[in-house]
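Taking it in order: structure first as structure tokens, then the write-up.
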Amino acid sequence: MMKSDAVFHFWFPVLAIVVPLAVIVALTDQFGGLSLQRTVIEMLISIVIVVGLYIFVGNSGIISFGHATFMAIAAYASAWQTCCEMLKPITMSGLPPFLRDQSIPLLPSALVSILLAGGAAFLTGLVLMRLTGLAASISTLAVLFILNVVYSNWDSVTMGSASIVGLPTYVTAWLAFGCALLAIVVAWLYQTSAFGLAIRATREDEVAAAASGISLYWSRLIAFTLSGFVVGLGGVLQAHFLGTVSINNFFLSFTFLALAMLIVGGMGSLAGAVAGVVVVTTIVDLFRRLEAGISVGGGQWSIPAGTQELIIAAFMLLILIFRKNGIMAGREIGLPQHTHREKGLVHG
Amino acid sequence: MLEIRGVSAGYGRLEALKSVDLTVAKGEVVFVVGPNGAGKSTLLKTVSGLMAPSAGTIAFNGETIAGEPPERLCCRGLALVPEGRSIFRTLTVEENLSVAAMIRSDRDAAAADRERVLDLFPILRSRYHGVAGHLSGGEQQQLAIARAILQRPLMMMIDEPSLGLAPLVIDQVYESLRQLNADGLTLLVVEQSTARILDLASRIYVLRNGHVALEGAACDLADGHALEEAYFGYGAGRAAQA
Amino acid sequence: EDPIKIGFAIAESGWLSNYDSAPFKAAVMKIEEINKAGGLLGRQIEYSVMDTKTEQARAATVGAQLVDGGVDMLVVSCDYDFGAPSALAAKQAGKIAFSLCAADPKMGVQGVGPLAFTANSAAQSEGIAIAEYAQKKMNLKTVYVLEDLLIEYNKSACAGFRAGWAAGGGEESILGNDTFKNDDPSIASQITRLKGLATQPDAVFICSVTPGGASAVRQLRAAGIDLPILASTAMVDNYWLNAVPGLKDFYLPAFMSLYGDDPRPEMNAFLESHKARYGEPPVSSYSVLGYSLIEQWAYAVEQAKTTESEAVVAVMNGFKDQPFTAGPTSFTDQLHIQVDRPWLIMKVENDSFRAVEVYRNSFKPDMKLLFRVGQ
Amino acid sequence: MANIVQVLVDAIALGSLYALVALAIGLVFGVMRLINFAQADYITIGAYALVVPTASVTPPLLLGALPAALMIGGVLLVVVVLALATERVAFRPLRNSNPSTLLISSFAVSYFLQNLVMLVHTGRPKSVGIGQGLASAVEIAGVRIPGVQLLTMVVAAGLLVALVLFLKKTPLGIQMRAAAENFQMARLLGMPANRVIALAFAISGLLGGAVSLLLTIQTGTLDLRMGLMPVVYAFFATVIGGMGSLPGAALGGFLVGVASVLLQTYLPPDLRPFRDAGVFTLVILILLVRPQGLIVTSAAKERV
Amino acid sequence: MSRSSKERLEARGVAVAFGGIRALSGVDLSLKRGEILGLIGPNGAGKTTMVNVLSGFQRPTSGAIRLDDIDVSRLSARKIAQAGVARSFQAARLFRAMTVEQNLSVAAIGAGLARRPARERALGILDWMGLAGKADLRCDSLSYGDERRVSIARALALEPSFALLDEPASGMNDAECEALMELIARLPERFGCGVLLIEHNMKVIMGVCERIHVLDGGQSLAEGSPADIQMNPVVRRAYLGEKASDRTLAI
């Protein structure tokens, strides 16, 4: 096999995800309306977040409810650094002076925020990754609640449960795309690395992995930290897309939605993570438009307000029932002959 | 008692059984042997109702049963000891046995049967209140067989009874199968190795790649050559014609 | 001539829709009245509505879409958190954003920006008003404060209450503070603490909203605590009174009475026209704020003779006790929220709210209190 | 002294409520590896069944207008039917799926039900005044016990004992545990396994209905999210108590309830808003010390 | 523990009790590098428990495990694996959603290799075992026999000093057993490791073991050469059965 051929093979699953995304971004950027463009940006940010979530959840098989925590940490950190110079001394009087009285340029502040999210994930993981299975999941849920309680009542720094409003909104479609690309590449490099292989083994069988000399703790801690960084990036993007940061946006419903996207797509593969986001976003947007009303043959037609949520819930259930392992069923998009072999049709 | 005609079954696109014919008469002990992946377990799963056949008919005691749910078949007197034991790991040994006896209405006889299997497998008595999941591999296998005996079926299907059993215990199991058969139980047994089966079997089927490669009375196959040929496929063509 | 366009970026679904819908209907009513009377600056007013679905991201998107569609003014959700994203979109296009009933001063100059207004009073003002009323008119000397941590509105109302009470009766007359969460199934330990006080207070102030507030009142009464209960405006509606049949001695400040006993004739007139237009009284007294919102803006436009934001804002910033249906209204170039508009004090009697009297607070919250700095 | 006793009573009362919910969560988890978030909506819908389904904020009573026995029966029936319906429609087809898929499917069911209630009743909280008499407190030796809390304690303790006996001693209970563990094998042994599993859901519905009533009597209010926090607490309770152990679930429920009340009571005022952070930290600490939970049944320990 | 090859793996007076059940009581067992030791005994004799103890999955209630005279009883399963003791399981326990090559690579990574060298080692072992063609198959599509072979291969990918194999031949037919015997017999020479082999299939045990240790009821019953064990009346009574030699044991 030629070298470049091997490289192409290695990167093909990533290309198969990224190229269609790029096409979507280019098309909507050129031809889409405001609402569609914003939906696409939201989708790309969700990809960053869900891919970040996937790095841990998908590879380790442990559901984490705690990742919104790291997003919140990054988003708030970014808000403290970049938001509303005039308002900060009043509403966030508890901030240390170097933050309270000045703004920090966007790029360094984003990097610092992401580092903070990753660091928080590392520290959390240091404690929690001794746990496995359900205990680990529940403890991440506890972390989510703890952060929520702390941030919604630490009034002088976080403005409590009120939104911090007025962050610079610099997130464009192409920036979001670039970040999604980065997240996907990071996830791919990780999952194909030795660390990725090791943690996938622990997902399949913890006992056999231990017998193979794999440390459950360290492999999970690495994944947890890395995914903390990536969702931190997602948090920063979301903050600077909406222009507002609110702790309530990083709580249960958000967590459930992100997990739902991951699992609908199939949590066992990177392609699944992305597919889940794309499919769920599309369905939501479609029914949102139907609810707002479309013109059919001259007349206005719409579904009753509030039915959108019902339909989306039913839709997700149907996907889960008919594709138990999600849309991609844990597989990456490989080159044709590759998928053939992987499916194991050639029987021994 | 059991009549299987042209039954096919599979997993998704993979067809594991291809038009299999097989009959078991009342009181017979029929063995099914064959290499890994031949479809032996699939055959038992299909008969017991765990899988629906994609074609063909299955009749038990003269009534067609294809497509009936396993709980109904169980009530008709068909028991299966599936591959991989399938004991209830979180239940105690006692509860595992109780569950099997629950469908029986003859309580006294069930209690007597329970004593009988505990005598047959004394290790189960000593682990009676222990959790079944903690048993050793062979002990679990014994529990699975004991449970099927307790069901007091008309016909018992066992998938690889000797799996994980010590040689001595295999002897006991085969001995008790012989006794049960003598008491009127019909048996359909899947085995991996042909070494032990000849003196218990009434008839033997060799399954290969989802086909019946050879079928015959045990005494006809006693020299073992035809059996081995069919088994390993040296003369697959010839055997199929036979 | 081209019509004037008003956009509504409000919640038509999700929990916030319950708060947005009543003032929205009243706002529409006012627009219709203006149109019937010949329009504004001789132009008819057109309005369009888009649903934020009670999501911040949606709120930002529909705000941008409405502004993109060329509205002259954007009406945004009742709540600061969900109104602000739309208001920011308006700000970027240089348009006025007017919140139906945000009670947070950040929906204004220091938060969203100089083009943002809200039709409501600051939550602190409610707390101050009921505190002063209780001291001066009800002659209560000591109080115990129960704070629901669910939303900032509660915290602000409590902050206002404490400041107002301390101003009149001294810090020490607040015998204690306790907190609870709106969704706590039980406040038994809070009750135990209250009952364990060395001296029982003269009243309890609860800054909360339904359902948690209603549940707290029920549990207080069930525990045999018959003290007067003071509360904030959000608890004004009758519907939760089922939870505490026979409730007595319950007071709060409100915008207006929906039951025809408001001492102010303009409120009753509003009530009548609402019944005429929709066949029923408003479901919530917040309704009048939406009506008054359009009234205030239209008045400013008329004065400015243009819909240009800067000119209109200049007029509005000059309002000083300008009489509108909702009450005297003041804005300055620093404050785009009311801090001492008179309140209608109401109490519960025969399982319904009854108007008592109109009360205007004398203690005005300063900026520190409004933004709860150092609280 | 009386004060400490009072605090303990408060704590145990809240703990019992969480224990009741935890029993339901634990039971269904036991049979299906499903952490059923829709339990929250069973509770909510049971409570909403008390009033006529309408958008009005002051709806007339429906089941709530019936005499007590009928009302209780009616609410329990509604929730049991609901639980069975969700089992049949959503969870049965997903049997054998991995726990994460099941969990997400229960989110979907929950989301569906919540929005259904919202569509019918609107999102505005409502109120019902049932059980006013029960809600008021009795004083025993200076200790105040609201009737409904006493009832909660009794019901929780009674149901715990009943359920444990049912699962350990009755044939149906043993069958349920068997079917929970190995569905196919249970069928092979002649059990109507689908019905047996559905029974577990019916019981969880029964528990849900009981919680609906107790909660409504306590708070007098109906809200879309009224079931959520109890279920979240129960969720923690089941795990720290030891998954698969009903006494563990109940114990966990007590612990979170007690911790919550004690923190509320003894934290200094400035820290009281952070009460729940304390409770959840405690959850994490317990898990770190006992990852399998407080009560580990020997069956839960898997051998290699 | 460092990874240099060890010469001897020993159990000294190992006892394991589960509540009242004494799965092992005071068993001594020693495995040298390069030898194949059979471990047989009736069901429930404690064989799997012994492997669990040796591989760190079960703390002994008393007694010690020594690797070249270093006490490793307190080490975790992972550390012991890294120190050179590999095991297979009674059920294959493969990483089912991964390919065969990845299964082996995981063990190589566990032994400290990077991704690329791990793959090379994995492919080398697969090649040696005649499984090269299956390197890229997912394990959930393997036949039963291949599954068992891969699980052995995975243990070997640790390049262990000692390989503990728990009933590798169960569920295999006669021909497959024979292939497996051949494979096991070649392990010491190829990997330089000692092999502890648990089997109920006497053909396999008698065919490849140099020494056999018999457990019964958690206690050592006998140890010796295959011929000795076969003729040992105690072993025959407890385990093999009286009819044993005429059928199963034919070598």
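Each chain gets a letter, A, B, C, D and E, in the order it is written, and its residues are counted from 1.
One rule holds in what follows: contacts are C-beta pairs under 8 Å (C-beta built on N, C-alpha and C of every residue); 3 or more make two chains touch, one makes a residue touch a chain.
In this text the structure is predicted, and so the values were computed from the model without any measurement.
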item	value
Interchain contact steps from chain C to chain E (minimum; 1 if touching)	2
Winner on C-beta contact pairs when D-E is weighed against A-E	A-E
Identity of the chain that, by mean CA position, is farthest from chain A	B
Distance from chain E to chain B - Cα centre to Cα centre, in angstrom	30
Separation of mean Cα positions, chain C and chain B [Å, integer]	76
Rounded Å distance, chain C centre to chain D centre (Cα mean)	36
Rounded Å distance between chain A and chain B, as computed from the means of their C-alpha atoms	50
Residue numbers of chain B (touch at least two other chains)	37, 130, 134
Residue list for chain C, restricted to those that touch at least two other chains	149
Multi-partner residues of chain D (each touching 2 or more other chains)	228, 273, 275-276, 298, 304
Footprint of chain D on chain E - complex, ascending	19, 48, 52, 57-58, 89
Residue ranges of chain D touching chain A (in the complex, touch as defined)	35, 90, 93-94, 96-101, 103-105, 107-109, 111-112, 115-116, 118-119, 228, 232, 235-236, 239-240, 243, 273-277, 280-281, 283-284, 287-288, 291-293, 304
Footprint of chain E on chain D - complex, ascending	298, 304
Complex interface listing, chain B residues touching chain D	48-50, 69-71, 74-75, 79-80, 82, 86-91, 95-96, 98-100, 102-103, 130-131, 133-134, 147, 151
Interfacial residue positions of chain D with respect to chain B in the complex	171, 174-175, 177-178, 181-182, 184-193, 244, 297-303
